[in-house]
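So that you can tell them apart, the chains are marked A, B, C, D and E in the order they are listed, and the count of residues begins at 1 in each.
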Amino acid sequence: MAVSDEVAIDIRSMNKWYGQFHVLRDINLTVYRGERIVICGPSGSGKSTMIRCINALEEHQEGKITVDGTVLSSDLKNIDKVRSEVGMCFQHFNLFPHLTILENCTLAPIWVRKVPRKEAIETAMHYLEKVKIPDQANKYPGQLSGGQQQRVAIARSLCMRPKIMLFDEPTSALDPEMIKEVLDTMIQLAEEGMTMLCVTHEMGFAQAVANRVIFMDQGQIVEQNEPRAFFNNPQSERTKLFLSQILGH
Amino acid sequence: NTLDDVKARGELICGTNTGLVGFAAPDANGRYEGFDVAWCRAVAAAIFGDPEKIEFKPLTTTNRFTALAAGEVDLVVRNTTWTFTRDVDLKLDFVGVNYYDGQGFMVPKELGVTSARELDGATVCIQKGTTTELNLSDFFRANNISYEPVPIETNAEAQQQYLAGACDVYTTDASGLAATRASFEAPGDHIILPEIVSKEPLGPLVRHGDSDWADLVRWVHNALLAAEELGVTSANIEELSASTENPEIARLLGTEGNLGEMLGLSADWAKNAIKAEGNYGEIFEKYIGEGTPIGLARGLNAQWTEGGLQYAPPFR
Amino acid sequence: MATVSEPPQGGFRLSQLIYDTRYRSMTIQIVTLIGVLSLIYWLGANVAYNLAALGKPIDFTFLWAPANYDINQMLIKYDSQDSHARAALVGLLNTLLVAVLGCVLATVVGVIVGVLRLSSNWLVARVMTVYVEAFRNVPVLLWIVLAMAILIEALPQPRDFRGDDPAASMLFDAVAFTNRGIYLPEPLFTRSLGEVPFFGIFDISLDLLALLAVLAAGMLAVRAIGRRAERIQNATGDRPTTWYLSLGVIALPVLVLLALLGFHLGYPELKGFNFAGGIYLRNSFIALWLALSLYTAAFIAEIVRGGIIAISKGQSEAAAALGLRPNRTMRLVILPQALRVIIPPLISQYLNLTKNSSLAIGVGYMDLTGTLMGTSLNLSGRELECVMLTMLIYLAISLVISGVFNLYNQRVKLKER
Amino acid sequence: MAMTPYVRTRMLEQKPPPVTSVGPAGWMRRNLFAGPVNSAMTVVTLGVVALLLSHLLPWVFLSVWNADSLAECRQIIDETWGTEHSGACWAVVRERFLQLVYGFYPWDFLWRPNLTFVLMLVALAPVLFTGLPRRMLVFSVLYPFLGAWLLWGGPVWTPLLALAGFGVAALGWRLGGRVNAILAVALAVLLPLLWWILVMGPLGRGLSALLPLGLEPVESNKFGGFMVSVVIGMSAITLSLPLGILLALGRQTDLFIVRSFSVAFIEFIRGVPLITLLFVASTLLNYFMPPGTNFDLIVRVIIMATLFSAAYIAEVVRGGLAALPKGQYEAADSLGLDYWQAQRLIIMPQALKIAIPGIVSTFIGLFKDTTLVSIIGILDPIGLSNAIRADSAWNGIYWELFAFIGFVFFLFCFSMSRYSMYLERKLNTGHR
Amino acid sequence: MAVSDEVAIDIRSMNKWYGQFHVLRDINLTVYRGERIVICGPSGSGKSTMIRCINALEEHQEGKITVDGTVLSSDLKNIDKVRSEVGMCFQHFNLFPHLTILENCTLAPIWVRKVPRKEAIETAMHYLEKVKIPDQANKYPGQLSGGQQQRVAIARSLCMRPKIMLFDEPTSALDPEMIKEVLDTMIQLAEEGMTMLCVTHEMGFAQAVANRVIFMDQGQIVEQNEPRAFFNNPQSERTKLFLSQILGH
């Protein structure tokens, strides 16, 4: 799990507003290739908004976001480029219910990357095997359990061969039994050296794979540190409060 | 130029009624038959020599004039009254009168009414959107009596309402009244009052501004009239055209002179037109005359020689 | 460290029109604008050209010319010498009359049928289903024509009321059902207050205004009684019964006023060809009204049923678990919520009914389509003007109805997070 | 109070329920006679139903099927059941059956509308029943061209060349795409327009001269009866679907001008009665066209009906779009699909699926509303019924024709509404 | 948390069918006043149905249910009586969305118990304070979070001053953070000696407050025991299997 010193994502003085509401305030963050970053913080602190800005699902109003060397601007070509390099997994999986698992996985490669169908299918099967559900390839998302669906969602992103993966609370909509399956998949991904940003409250996961934990509150990055230090020795009062709640029961 | 268009198209498009007993209605095979329809066929026959080179467009009272103005149909023969505003303001050209009609009233005998002036307070069924509506209003105003109009879209519904007693009086063109009465189970129980409250000259009409075309239709109409006057019938027409002494008949049938050419038609145009459904009298008898269930007398529509108003200008 | 490529600065390139989110929307909008404007221009130019060729420029002056035709049902004074515009107004009022009464009847029938469809009685529920399906699945025009035919065929003609041994007789000597329509007794006042003109367009009866005023006062009083009942309930927990009080407060003043005005009924009487006097509801009106209402009621029934079902399950269980009785549950929990679900589709049914009233043409009811888009059009030959005007009026009616109800909807909308 | 631990040693099997709660007796008690009010309702309803049926059934069944005119009918009824009885004279339906169904379509070519109808069912099948192979959709897409050709006839080249226009559009898109996107869009729009307007006519004539393949043309004023209802209804709904989708998208965008136009159009169409639009078709449309354009009334009605149903479809589709979770858009975006790809591959397939019941109801409504064309002189079933009554043999007949027409409409609409209910149920369970 | 020996609920040989399907088979259960009973079991085992029978939301076809001395029959009076003594909380809260929180809580006391409004409001505020959301009293349910809504639902039941409370999976529709709020409220209720029947899979809760755990399967009560014994030493095979799944990860 080596971290290189190439920059994967660079966020400089980024600010974002929803109408009058200042959601993200002066965010500065540099992510190096191969880093695995866990983002946590209370609800409404802007975690989702931040990672959604990284692949331009949300526009930011101020500051500069550079992803893999491409500056996110209003130019659609840049946005397309960034999106095809960055994979994203959502809390509610957002699989396409009218397509089979396999079609879910091959859709973007075929239409965006213009990969021949056969090759796309091979890649898809490869990643489906990786997330351990090759046998479900011809089912529809509605026929799978939540954990399986989330793993498909991960595989779907991987099929675009992204350099960076973003996860927005990938396990919070899952039943406890299924969380483990998904976390295992993510750990495996981490071990292979994927650059990952993950919003999650699974502190076990953070301790196991993250090499940096970021704590956000009120739209700001309040604290960041490596996991051990973060959990054992939080610096800010807010972090302490938050950690006590999370680990409380 | 309408004639060229029609020739190029290979058929005549004729606007007609969606269904009026005796005047125009499709039969079980979808073939239109009737008094008005015969004019359309005659025109088609005059142009093409074939009365079947024709297409009928059923028109309603509302869209008949626009359809003509917009060129959807080449002529309209749809029991339409020739009035000043229609001719002048609506930019139509009436080319003749194929039926002299007038608005009358029909009442059940048991009401004991003998004159339309006794109809104070009566409920009157009336076909909507036609000149009849105006005439009715004028008549009752002029006589200073009141009435309750029941406007109705089609003749069939009017008939139903009248028979059920939902109205006391049915008013429409006298021809229509006679036709309607003829179809009753007991026609004798109803009388048509003597008052004819309006003049309703019904005739074919064409677009304003194409006088050549208007001439053609007008003279086909006149040919049907002249044929009756001259004794040319569909039965003897072949014989007459082969051997006639009468120069007027000869000119009419194209064995002499070049009338057809002047209209831009073949020489035997009138012969074809007459052959299509017969002369005026034959058509009348076939569809609405006394031999039919409709049973109309010739009356005003007799030849001028018989004391009627039908009078064809000379063919020369 | 990767080199960060800066966005290409400077020069505006044409492709930015499509690729740059900032310009892209502008591009699309301007193209649309140009497209639509040129379409409109094209249509307008065609109209201008065609009308010029016909020598019939657009001209609304015909509206002020005498209409020359009579209308049987008129809510305001009209005779054949009045203008086309006034004829159109008469038609418009007839449209509104049948639309309003139609909406009322359709709602009443629809709600009853909708609730009965949920009845636990199998037979009743089934019969209501048959009603709903039969009406929903047959064109409304057919229903209108059929309703007319039934009225004409099934009821006696006025003639039958005549003679010593009439074939038909009046109900209570007051109401006559004939195949020309229904004659009802009319209210008359011996000491009438007279009428006042309303902007010179029509006259309003002062008696009616007085009655409405008293009624309104009665309503206010009923509200006050209701509030008092609520206060008592709030204080003691028991709600007093108030319906007889309310009834009295409404009815008594009205009765007194009627007596003061010398109220009596004018009965219809057979005179000449027809009944005279009384209120005359014409066949065409009744047929249109019934057919439209029953047709629309079938749709409303489904809406009501759907609304109740949508709300009912969890909510009525919760209410039951709290010990509320079914009727209370209905009134306090289900209906207030169901109404929110029901009202938007209900409005679109009202709109449909109003628009469908234009089928009056099928039975000769002289509504807006019968006057402005019917006889006036035929007599004046002004198709473009008449049809456009008719469309605009209908559009205005629709927009007003939906506007008003949207306001209402906004107000009752559920508060969400 | 102490509690005793308890473990069940032997599991109980299913038992049948007590008899009182099942079986016909239990059913009757629960559904017909639960309480006095309920019982009273049952009895009253039974009475009303019996009364209605006792009048209706004899009329319907003690009736005449073979006669040439109304008079003959009446005579047969009087002879068979006596003068008191009033039975239906279904003979008119029998005699005019073909006309009521096909209008004046040439008798020799009846196979064409029949085939069109059957093929329509085939084309609809994959749209309506999602279980069928997706490949059948190709046929559904081609069907409008095939159907139109079968009905109206003419050289086979016309539909083929019209179809080829779309190929031209694709070609333009490809070619232009090589240079840049503006050109691609422009070419994809302009080339097919040029093709349809300029090339298609002469090319078609040339091809028919070379290879005169085709069907006898039948003009649309020969169409009538239920065929006209179905043709107008089906054409309008198919044509309005793409238009409605565009309008729905237009109404949803952030682009102010596009949205305003869409809203204005939708609200205008929904605010006026269909009959006024039909009047426009029958009396005004020619004013709006360049002089000399002259297409027949049915086509004009189809245009108006298309615009009409497009506005309604737009609202239905908008409902479908609104029902889609936002996550679907985001997932599509995050995978890098562009707007049209996302719409075509992700959003529309789902939104339309949700909207199908609504679309079916719109269609039912439109299908019923086709009867209004009788008012502007098209001989649909109701128009024909007037025409038939103008025939002196059937003058005065009334109920039978309306009963028949109503019955057929009921059959069509009822089965369609059942289908849409089935879909709704399926969708409801599918979402859970 | 004392358990008296007064009987609160007594179910004898109760059987229930849905059509032909035998959902509840020979249920025998006696609940004493002050008892806190947790009911668990696999999905479809009839847990919900059983507790819904107790306040007559469902009819049973055979057997006898006595609640607080009143026998549940088809007599409406008895049903009303039982319902006003028994409070119920549903999985999906079922608050009345058109009424404010306060109105939700006062509706039943005013219309069923005929309590004067002022008194009803006082009671409602009392219980709203107890569930720690007095400040939300004038909001609408839609404006609250799931956890808050469930607490309102509990307060709403309590306003009727029931002797027995039934809970049907009160926390299963909630986000993890909110579960705690609700469980805290329930624990508090238990400590005050309320008789409670609770369908739940929160085993922490069961261990903390229940004095009896009932395991149901296929419409039957398969095992019941006090929590410690139940979890540490399940007797039946089915229970063991079930517990291994639930506590698995």
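FYI, contacts are C-beta pairs under 8 Å (C-beta built on N, C-alpha and C of every residue); 3 or more make two chains touch, one makes a residue touch a chain.
Computed from a predicted model, the values in this text were never measured in an experiment.
**Student:** Please report the minimal path length, in steps, between subunit B and subunit D on the chain touch graph.
**Tutor:** 1
**Student:** Keeping to the contact definition above, tell me which chains border both subunit A and subunit E.
**Tutor:** A chain counts here if it touches both subunit A and subunit E, which gives C, D.
**Student:** Based on mean C-alpha positions, which chain is nearest the centroid of every protein C-alpha shown?
**Tutor:** Smallest offset from the overall C-alpha mean is found for D.
**Student:** Once every inter-chain C-beta contact is counted, which two chains account for the most?
**Tutor:** Comparing chain pairs, contacts are most numerous for C-D.
**Student:** Taking the mean of the CA coordinates per chain, how far is subunit A from subunit C in Å?
**Tutor:** About 55 Å separates the centre of subunit A from that of subunit C.
**Student:** Suppose each chain is reduced to the average of its Cα coordinates; what separation in Å results between subunit A and subunit B?
**Tutor:** Roughly 83 Å separates the two chain centres.
**Student:** Nearest whole angstrom, what separates the Cα centre of subunit A from the Cα centre of subunit D?
**Tutor:** 46
**Student:** From the C-alpha centre of subunit B to that of subunit E, how far is it in Å?
**Tutor:** Computed value for the inter-centroid distance: 87 Å.
**Student:** Which subunit E residues touch at least two other chains?
**Tutor:** none
**Student:** Of all the residues in subunit C, which ones touch at least 2 other chains?
**Tutor:** In subunit C, 18-19, 149, 361-362, 383 touch at least two other chains.
**Student:** Provide the list of subunit D residues touching at least two other chains, using ranges where the numbers run on.
**Tutor:** Correct list: 279, 283-284, 286-287, 375, 398.
**Student:** Spell out the part of subunit D that touches subunit B in their complex, as residue ranges.
**Tutor:** So the residues of subunit D touching subunit B come out as 71, 95-96, 99, 103-104, 107, 219, 221-222, 224, 279, 282-284, 286-287, 292, 294, 296-297, 375-379, 383, 386-392, 395-396, 398.
**Student:** Over in the complex, which subunit A residues touch subunit C? Could you list them?
**Tutor:** That would be residues 5-7, 10, 66, 68-71, 73-79 of subunit A.
**Student:** Please give the residue numbers of subunit E that touch subunit C in the complex, ascending.
**Tutor:** So the residues of subunit E touching subunit C come out as 55, 57, 80, 83-84, 86-88, 90, 92, 94-98, 107-108, 110-119, 139-140, 142-145, 156-157, 160.
**Student:** Quick check: in the complex, which residue numbers of subunit B touch subunit D?
**Tutor:** These residues of subunit B touch subunit D: 18-22, 24-30, 55-60, 62-63, 66-67, 69-72, 153-156, 159-160, 163, 182-183, 185, 293-294.
**Student:** Enumerate the contact residues on subunit D facing subunit C in the complex.
**Tutor:** My answer: residues 30-32, 34, 38, 41-42, 45-46, 48-49, 180-182, 185, 254-258, 261, 267-268, 270-276, 279-280, 283-284, 286-291, 364, 368-369, 371-372, 374-375, 382, 398-399, 402, 405-406, 409-410, 412-414, 417.
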